[in-house]
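Pasting in a structure now, in structure tokens, and then I'll have a few things to ask.
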């Protein structure tokens, strides 16, 4: 059984979510979100795995206790899907450390879109994760640079996302383990749109598409990629003891 | 003193070169080359270092003895600039092995444009180095993905090459040491346009721009990149003994 | 069904093999091989998969037609296990190119011990693959540097190989994708004993243990590692078209 | 001028330092430190650059204001040398973030020995940086795995450190950019003793030798390595604007 946890910064009720965002950020909040994902972003992402008999999906958010990611929930998560945009600072440092600890011992994590600037991604990368951006609803074309990678299986090369926020280079990340996807934007930019890392036992995938005002996560190629990514990021069956043991004696042959 | 060797598949006389190409490939040969580089491709590349008091440049070609890259010349080369297009098969296997041996002991190598399909690059990569392509004279925009890399120093991010052959992903290369540049093409494709590798003591830089029918190597940003690349690829001052020594005795404290 | 091909430079009859080796290299040939692997090295390696209902194993050698690796056999191989020592030069260049082509389109390859100096490994690496060595029958301790890697699953950290040829650093290989194992030798040296690469669609694992005069491939930890490595190196289910297509038209949205 | 800052957790007065350590950790504190480095660890490290006309060295410690690493000092540091052992938790999180910010914009950092477990190194790696260890004063042999790397220039391969704390694999770090050195320990372990990373514009070198009870930093090979490392880690001459700019308009050709 694959135990997936979908975490977003949205209240499970999109209107509630909008209310919070408006309180904090003023009029406009999440903008067009309610039109694109009336069911709430978390549930939209969960829907990708609807009907999978080998999956259980938990939807949670920053509005829950422990920022929605308790020790107990993380202990029962194989892959965490993490969507965030405006409320990176609302996530407490201790929550970030707790997630990192679980990644290091094997939990996979998929960071989506504006989660590039989450404390979590910066903590896993050790860089600023800065980039350039533009909100113009332009189209993006996604190219596979590593067709051999399991996350790219069955994905048509060069497929189009009709409307997307532009994210452009330079993207301040460590040189990826694998650059799986590259994005081409109508307005003239390129981006390393899908990149992987290993951190301890845990696999990390950052994926750029998914601005909240466009129904990107309902597009079939994106769905395929996210399903591939979950399978790729599942923890290895084997995990050995971790820690920092003092081995007092010389080894004997 | 930086000892640069520029190798191309062009006869030093462009008209002679065209004649050979026509013999082998039929009418059309190198096409518009004579207009873009009437001085010959090798001399055009050499011109980039004209006036540098700390450089010596040797221009050679596949029409010379030993395919233009004798043991003696390679022994006196710090960085080899390698441009090739149609005549990859004319280069003998033993020449390729000779070059690789010099790369492994410290000679830098810069492979340009259609040299992606040279025996040399495939030999250094271990992959097919396949890509997709289109000759439409479209414009390309070059983005810096690794602004910290010395090859990117002083290069304006997002500069335009007015006319270029399109090279598109997937580009079948090993995951680069550093992906320095990414290319955006008018017609819709992206490409890892500047990538680095280390092979033994030798540094390797592949750089995509430079189709023979456009005067790309006379553009200031390209000139800056190639000058940076030569400096980056210079052999380290230190080279220790290589080989496969039999160390017969146990080491003593 | 996993289709494994075991290739060695041994005639399937160890005594025949010894005879050839003696002809070529003079008295001594493969030395103690017959005592350690009286069944022949190829069959000893094949035995690792004996009884596996989901495996078929073909044993072949350089004494067969096409150096034992015909187009047809390679087309029907998922993972190639490659053991070589003295006869690297007997393998024809065209055979090496044929293997590389199959690796690039997805065939996994596991190179063992002195195959570090095979044309094949040097061709995949682009380096000399030089190292230092000593034949003293000393013991080696194998450490897991990447416990999260599937090849390390279930392998006791720090296990001992009672007698082994020493291979020491510097090992002239490209920086590995993953350094899975490190070897500690009684006589004072260390070695990157298990390293991985990706080349096109193909996975490559080099593994140092396995000198022919010691029955290393009959040791349970080594068997576990080789079985893990075969599973890791299996071709991905998906392979897209390869080649270098000319995409003549601009892409349309 | 190279502006080096040496940071340690030692009070500049070794006896004061011992007093603090004893207060916190009980009798024993830094143990034999006073014998090995009576001048204080920070000054011992600074001595490596004594007499260099192109260097200025600042010695600071966790006992200073802002944990000894103020915004002003970091702004005037090219390379930070960081030695820590017992007091990782005494360094405030905001200090760590301040250091990381400076690394990301170009400051080099060299982390020594038990700094593997500093908040700073874990923050740059995204892993636990756990390892195994033993305090037995055994000898270590340092091997160069990447002889081409500038940090290894002029360093004798296989040199011996007469007494050292053992650090053993698995070392839970991301796959290094380059594994420059490997350590062999008398008691049977191996370790990736010198590894590099790039984080933003900044270069990172972790180097294992240097337990406080042995005068390792007074050994000529270690001094050579640290001097090489400082030169390697110097900031690039070029740094472009960082940040996350909104590029509102489509690019024009």
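The chains carry the letters A, B, C and D, assigned in the order they are written, with residues numbered from 1 in each.
As a convention for this text, a residue touches a chain if its C-beta (ideal position, glycine included) is under 8 Å from a C-beta of that chain, and two chains touch if they have at least 3 such contacts.
These numbers were taken from a predicted model, which means no experiment stands behind them.
At the interface between subunit B and subunit C, two copies of one sequence, more than half of the residue numbers in use are shared by both copies. Between the chain pairs C-D and A-D, more C-beta pairs are in contact across A-D. Annotation: 38 Å between the Cα-based centres of subunit C and subunit D. Look at where the CA atoms of subunit A average out and do the same for subunit D: the two points lie 32 Å apart. The residues of subunit B that reach two or more other chains are 141, 147, 157-158, 168, 175, 177, 186, 188-189, 198, 200, 251, listed in rising order.
Residues 106, 139, 141, 147-148, 150, 152-154, 157-158, 160, 177, 186, 198, 200-202, 236-240, 251, 253 of subunit C are the ones touching subunit A in the complex. Residues of subunit D that touch subunit C in their complex: 141, 143-147, 157-158, 168-171, 175-179, 182-185, 188-190, 192.
Residue ranges on subunit A touching subunit D, taken from their complex, read 93, 100-101, 104, 117, 123-128, 130-136, 138, 166, 168, 172, 174-175, 177, 186-189, 197-200, 242-251.
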